[in-house]
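Alright, structures below, take your time with them.
Here subunit A shows up in two complexes: once beside subunit B, once beside subunit C.
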Partner chain A sequence: MTAADATLRRGRVGDPFSSPWRRRLPLLPALLFTIAITQLPFLVSIYYSFTNLKDRTQSLLPEPTKFVGIDNYKAIFNDPFFRQAMWTSVKMTVLAVVLSLVFGTLFAILLDRKFFGQGIVRTLLITPFLLMPVVAALIWKQQMFSSLFGILDKVLEFLGLTAVPFISDHPLGSIVTVLVWQWTPFMMLIMLAGLQSQPSDIIEAAGVDGATPFGIFRQLTLPHLRRYLELGALLGSIYIVQAFDAIDQMTGGGPGSTNVPYFVYQESIGGGFRYGSASAYAIVVVIFSIVIATFALRVLSGLLKDEERA
Partner chain B sequence: MTRRERRGTRLGVGESRAGMIGLGVAAWVIGMLWIFPVAWTLLTSFKTEQDASAQTLHNGLSFARYSEVSHSTEGTLSLGAAFTNSLVIVLVSTIIVMLLALPAAYALAIRPVPKWRDVLFFFISTKFLPIVASIFPIYVYAQKWNLIGTRTILIVLYIAINLPLAIWMTRSFFIEVPRELIEAAEIDGTSLINQLRSVILPIAAPGIAATALLCVIFAWNEYFYAIQLNFAGASTMPQWVIGHVSTRGNFLAKLSAASMIACLPVVLAGWAAQKRMIRGLSMGAIK
Partner chain C sequence: MHEARNGSTPRRVKVLVGVFVAGIVALASLAATAMGGSTAKTISVAIVANPQMQDIASLTPSLFTSKSGIKVKYTILDEGKLREVTTRDVGSGGKAFDVVMIGMYETPQFGTAGLLDDLTAQAKGDKAYNYNDLIPAVRSGLSANGKLYASPFYAESSFVMYRKDVLKSKGLTMPSNPTWSQVATIARKINSPSMAGICLRGKPGWGDLGAAFTTVLNTFGGTWWSSTADGKPAQAQINQPVFKTALDFYAKLVQDAGEKDAANSSFNECLAQYQAGKVAMWYDATVAAGLLEAKDSPVKGKNGYALAPVVKTKASGWLWSWALAIPKSSPDAADAWKYISWATGPSYIKAAGTKTKGGWASIPPGTRLSTYQIPQYKQAAAAFASKTLDAMKAAPINNPGTTKRPGLPGVQYVGIPQFQDVGNRCTQLFSSVIAGSTKDTTALSQCQQIASSAIK
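And now, the complex of A and B:
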C-alpha cells in the first residue's frame, strides 16, 4: 500500500476535503478542460470520418455533407500514397529514435565523469533541443545542406569530392539528421539521469571483487539503464512520430519525406480540405498510436510504482 | 540521501589518467560539433548578405542585420507585433496551465482522490493522441466562432498541449513534500490556504518554476497550430522567422539574425533550468 492510499483510507474528521466530492473539486477544472479540448474533438473526428465533409469556402462546387458509411475507410486501403506515408513514418521514427538514443547514450557516458568544463559541454549539447524546430530545420536546410550556400558541399568541394544535393537526393536522410540533432540531447539527459541514479556501492563492491570496468558496464550498468532506454525510446517516438515542422520547412512533403501527419495535413487543411476522408486517415493513425501508447503507459506506470516503493 | 563521490561510468577504457583526459577531450569535441550549426548561424547573423551567401568573410561583422530585421518594411509582420503576440499567448497560456495544474496536482498527490492513478493516466494519454486526430473539428469550429487568427485560439490550444505535462510534473514535486509537515500543520489547525502557502508551495516552488518554464518553452516554439489557425492577425515568432526566407535576393544573414532573436529567450531559459528540465520531459518519471 502506498503512502497516498494510506492517507486515502485513514479519512479525517473535520477535513475540508473529507467528502469525496469536495476532494475531487480541485481536479475538476483541469479534467473538464482536457475533456472539452481533446476528447470532444476526437469524437467529432470519428463522426466526420463517416461523412464526405469538405470545406465549403474552399470548394468551387459545394456539395451537401452526407453520411457515406465506411467508404472513407475502404478508400484508405486502396491508397498507395497513404501506404507510402505510413512506411515513411515508420522509417523516419525508427531511424531518428534509434540514432538519437545511441548518440545520447554515448554522450551521457562521456558526460558522466568529472572533466574540465563539464557544465559547459552539457550546456552546448542541450542547446539544439531548445531551438525552435522551425529554426533548426532552416539552419540545416540553408546553412548546412543547401546546394547554394551549404557548408557541407563547400567542404566536399574543398576535399576534391563532388557536391551532393542533400535535400533533393536524400529527403528522408536530411530530415532524420535534423531530428537526430535535436533529439540526441533529450536522450542524453534521460540516460544521464539513469547513469547518475546507479547505486555506487554495488559498483564499488564489484570493483573490489575484481570485476573489470567493461564487465561492470555490461553486467551492472546496462541492465540498470534498460528502463531508461525504454523510456527514452517511447517518449522520443511519441514526439518524433508527429514530426511536422522539419518536413514543412525542408521538403514541403514530396516523395520519401511525407510522413502520416504531413499526409493527413495535405489531405485537409494543407490544401485538400477533404475533412471527411482526412478524418478517416486520422482515426487510423490514432489506432496505431494507441498500440504504441499502451506500451508507453506500461513503462511509465512501472516507473511510477518504483518511485512509490522507494 | 547524501551522494557519495562517484567516478562516473566506467568503460573498458580503464581508469588511467591519460584515458580520463582523452575522454574529456572527446566530450569537448562532440560538444563543439553539436553546437557548430548554431555557432555558424550566429556568425552568419553578423555578416553582410554577400558574405553570408558566399560563406566568406570580407566585409567584417556588425549588428546591422539585427537592426534590419527589427525594422520591418511596411505591410509585413513586424518583430514587435510577433513578439507581443508570442509573449501574450505564452504568458497567458502558462499562467492558466499553472492555475489548473496546481489544484489538480494537489488532488492527485497530497489529498489523493479515489482512482487517482487512472486520472493521472487519462491526462497523459491525451499526449499520445495525434494532433491530426482533433485538428479538423477544432479548425471547423474555430472558423464557425470566428477564432481563426486570434490569440484566444492559440492560448486555448497551448493550455491543452501543456496541461498534462504540467500536472504530471507538479504532482511529482508535490509528493516530495514531507507528509509529516502537512500533518503537523493540520494538527495545528492551519487552514488549507495557509497550508498551501506556508508548507507546500515553499518546498515545491523550484519545481513549480521549472514546470512553468517548460510550458513557456513548448508554447514559444510551437509552429503547427500557429501556422494552421493563426495565419493572419496574431502571428507568433516562428511565423516571423520563416517570413525571412525569400526567393528573391540574398536573405541568409537576415534569416540568421531573425533565428537568433527568436530562439534567444527560450535558449536562455532552458540553460537556466537544464537540471530540472529532464523531469518534465520524462513526464515526471525521472528525478
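And now, the complex of A and C:
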C-alpha cells in the first residue's frame, strides 16, 4: 500500500492537488475562516489607523474621513494620558501578580498537608477564581468597599476608627485588591502542583540532618518552586495586563485606574468614537505585546525544556 | 474495498444533504409566511429600564393594543445599553426599531443630522395629543430649528431638597430661590459627624458629576467651550479662571460638608444616604422628590424644596427628558406615531394614575402643563409638584450661562457629539480632585488638553 501511494505521488509531481494537498483540503475552510475573522479585521485596523475615521454621530460635524498618514502615531507618543495609562498598567500588573503569587504560595503551603476538611477548604479557596470578574468587582464594590453598606467601613467604625472611602481615595489599591483576590487561587494551584512534585526523601534526609523547617523551605523548597513561580508570574501577567471588568465596574476609569485596555476602550466605543486614532493605539499595543510575548514565550519554552531535563 | 467505499458514500451523503436542505427551505418559508402575517400590525419599541417605562410596557396590551389593533414589542435596556443600541441603529439606518427612546442630549443632534422623522406636523395636527400642552422648555429642548424631533415621555429639572426639621433645629431657613453661597453656608452650619450637610454628585460620568457640576459652572459664568458665530465650538475654556473658581467651590463644598465617599456617589447613592438620614440637603433631579415623599419613605413629609441655587444667572436648574422618536428608517412610521401619540399624550398620564401600582405620585412627570392641574396628582404630590413645575419652567435651556456657547439647547451638557467623551474623561479628573488625590490645577490643565484636542 505504501508502495502504491508512493507511485501515485510520483506520478503527479507538480500537481497542486496531489496527495499532500488533498489531505490538507478539508482543513482549508477552517483556515480561510480563521484568516477571514482574525487577519482581515487586523488589516482593516491598520488601514483605519492611518485615517481620521470617527463614528457616524461624531462625523455629523462636516469632516469626512480622510487619510492622515502617521499623524495618529505621532499623537500617541505625545499623549500624556496614554503614558499615564501605560504606567498604571505596569503598576497594576506587577502589584497584582506579585501579591497573588505571595498569597498563592502561602495558601499552597498550608494546603500541602493533610488535615480534616482539606477538600472543603481547597474548594473554598479556589472559588474566587471561578467567579465572573464583573461579579467579583461588584461584590467588592458594594459589599466590601462601599462606605454606605460596606463591611470594611462597618468594622472600622465598630473599632472606633474613621471610615475610609476606599475606592475614592485608593482607586488603584482597590482594583489591585480585587485582582489579587481573584488570581490568588490560580497561583495557589500552580504552587500546589509544584509542592506536590517535590520528592519527599530529600526533605526527610534534611530533617534527619537537623535542618529547621524554615531552613528546609528556604534551602530546598523555594529553589524547587522557582520555575513554578516563573510560570505563575508569566501566565498571571498575560491575563492581568488585560484587566478591564474591575476598572469598568469599580471606578469607571480616572487617574490611577485607567490602564491601557480601558484607555483604548474610552478612545473607541467607550464614548470617544475616534476609531482612527483608537486603531493606532491598538496597533501600538499589539506591537508591544508581540515583543513582550516573544520574550515571555522564550522563557516559557526554556522552563519546559528544563522540565524535560529534570 | 477502498474503492468500493469511495463509490457509495458520496451518493448516500448527497441524498441526505438534499433532504436536509429541502427541509430547511420548507421550514424557512413557513416561518416567513407566519411572520409576514403579523408584521403589518406589530411595531418594535426600544425603551429605557426605569419604573415609569416598565409601567407603560405592562399597560400597553390593555390600553393601546386592544383599541388600535397594533401590537407593541418592547426591548427594555438600561441607559448605557439603550444609548449604544439606538446610536448604532439610528446612526446606521438600521430597521430594528419603529420607535426609540432617546434623551434630550441626542435628540437635536440626531434630528439635525436627518436621522429622525420631523414630528411637528403630526403633533400639531393630532387633537388628542395637544401639542401646546407640552411644557415649553421641554419642547424646545427636544426641537432643533423649530422642528420637534421627539415627544417627551418623562422630564425632570434639578432642585434642592432639604430636611426642614434639621434646618429648623439649627434656626436656619432656606430661601425659595437660594444662591450657591447661601446653600454652602447652610450646608457647612448643619454638617456634623453623623449627618453631612449636602449630597452632591461626585461620581465620574458626563451624566453624573458632569450634569450637577455643569449647572454650577454655568451659573458661575463659565462654559466648556466658547462658540463661533455659527454656534460651533471655538476654543476650550477650561483654563479660564472662572472654571477654576467653580470647580474649587464645588470640590471644597463636598470636602467640607459633603457626603462620605463622594467620588463614588451619584443619584442612587445620594438617595440612599438622604433616606437613611445621613445627609440633610441634596441637590439633584426633581424626580427624586417623588421617591422621598413615597408612602414607604422614612423621610416622607420632612422635606422642603427650593429652586436650583444661582450665582450670576437667574436660573440654573438642568433639564432632561426621555422621549420617543421615530427613526427615518422606521418601516411603519404611521403606526409608530399612533403609538407615540398614545404613550406621551395626556390621556395616558391620567390612565397611569389609576392603573399603576405606585398610584398618582409615580406617573411620568414633567412633560405637560395639564399634569399639574389633575386634582388627584396635585394632592398626591402636594409637597413638590408646584416646585417641580417652577423648576421645569425656569430651566434656562436656550441660554444657560453668561456667555455664548456651542451645543444649544442644553443646560447640564453641551449638545455636541464630543461632549460625551470630554465630559467622561474630565469628570474622572474632577472626581479625583474631590477625593483629594489630584490637584485642581493639574486636573484643569489636563482637561483643557482633552477638550481642545476633541474639537480639532
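Simple rule for what comes next: the second predicted complex is superposed on the first by the 243 of 310 C-alpha atoms of A that agree within 3 Å, B and C clash if a C-alpha of one lies under 4 Å from a C-alpha of the other, contacts with A are read in each partner's own complex, and residues count from 1 in each chain.
Keep this in mind: a residue touches a chain if its C-beta (ideal position, glycine included) is under 8 Å from a C-beta of that chain, and two chains touch if they have at least 3 such contacts.
Small disclaimer: the values here were computed from a predicted structure and weren't measured.
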- Could you say whether A:L148 touches subunit B, subunit C, both of them, or neither, answering first, second, both or neither? both
- Query: Is A:M132 touching the first partner subunit B, the second partner subunit C, both, or neither of them?
  - Reply: first
- For A:I37, select first, second, both or neither according to whether it touches subunit B, subunit C, the two together, or no partner. first
- Message: Quick check on the superposed pair: does A:Q266 touch subunit B, subunit C, both, or neither? Answer first, second, both or neither.
- Response: second
- Item | Comparison of subunit B and subunit C by subunit A residues contacted | B
- Message: According to the stated criteria, A:L161 is in contact with first (subunit B), second (subunit C), both, or neither; which is it?
- Response: neither
- Message: Between subunit B and subunit C, whom does A:V102 touch in the aligned arrangement: first, second, both, or neither?
- Response: neither
- Query: Counting only touches as set out at the top, which of subunit B and subunit C does A:F81 meet: first, second, both, neither?
  - Reply: second
- Message: Taking the superposition on A as described, I'd like to know which of subunit B and subunit C A:T258 touches: first, second, both or neither.
- Response: second
- Query: Where on subunit A do subunit B and subunit C both make contact?
  - Reply: 57, 148, 269
- Note on the structure: Counting only contacts in the complex, subunit C reaches subunit A at residues 84, 87, 91-92, 109-110, 112-113, 202-206, 232, 260-264, 269, 272-273, 276, 416-418, 420-421, 424-425, 428-429, 431-432, 434-438, 446, 449-450
- Note: in the complex, subunit A contacts subunit C through residues 55-58, 60-61, 80-81, 146-148, 163, 165, 167-169, 171, 251-256, 258, 266, 269-273
- Query: Residues of subunit B touching subunit A in their complex?
  - Reply: 3-4, 6-15, 20-21, 23-24, 26-28, 30-32, 34-35, 37-38, 40-41, 44, 52-55, 100-101, 103-104, 106-109, 111-114, 116-117, 119-141, 143, 156-157, 159-160, 163-164, 167, 172, 175, 179, 186, 192, 217, 220-221, 223-224, 227-228, 237-238, 241-242, 245, 252, 255-256, 259, 262-263, 266-267, 269-271, 274, 277-278, 281-283, 285-287
- Of subunit A, residues touching subunit B in the complex: 3-5, 7-8, 12, 15-17, 20, 23-27, 29-31, 33-34, 37-42, 44-45, 48, 57, 107, 109-118, 120-135, 138-140, 142-144, 148-149, 151, 154, 181, 184-186, 189-190, 192-197, 200-201, 203, 212-214, 216-217, 221, 228, 231, 235, 238, 241-242, 244-245, 248-249, 260-261, 264-265, 268-269, 275, 278-279, 281-283, 285-286, 289-290, 292-293, 296-297, 300-301, 303-304, 307
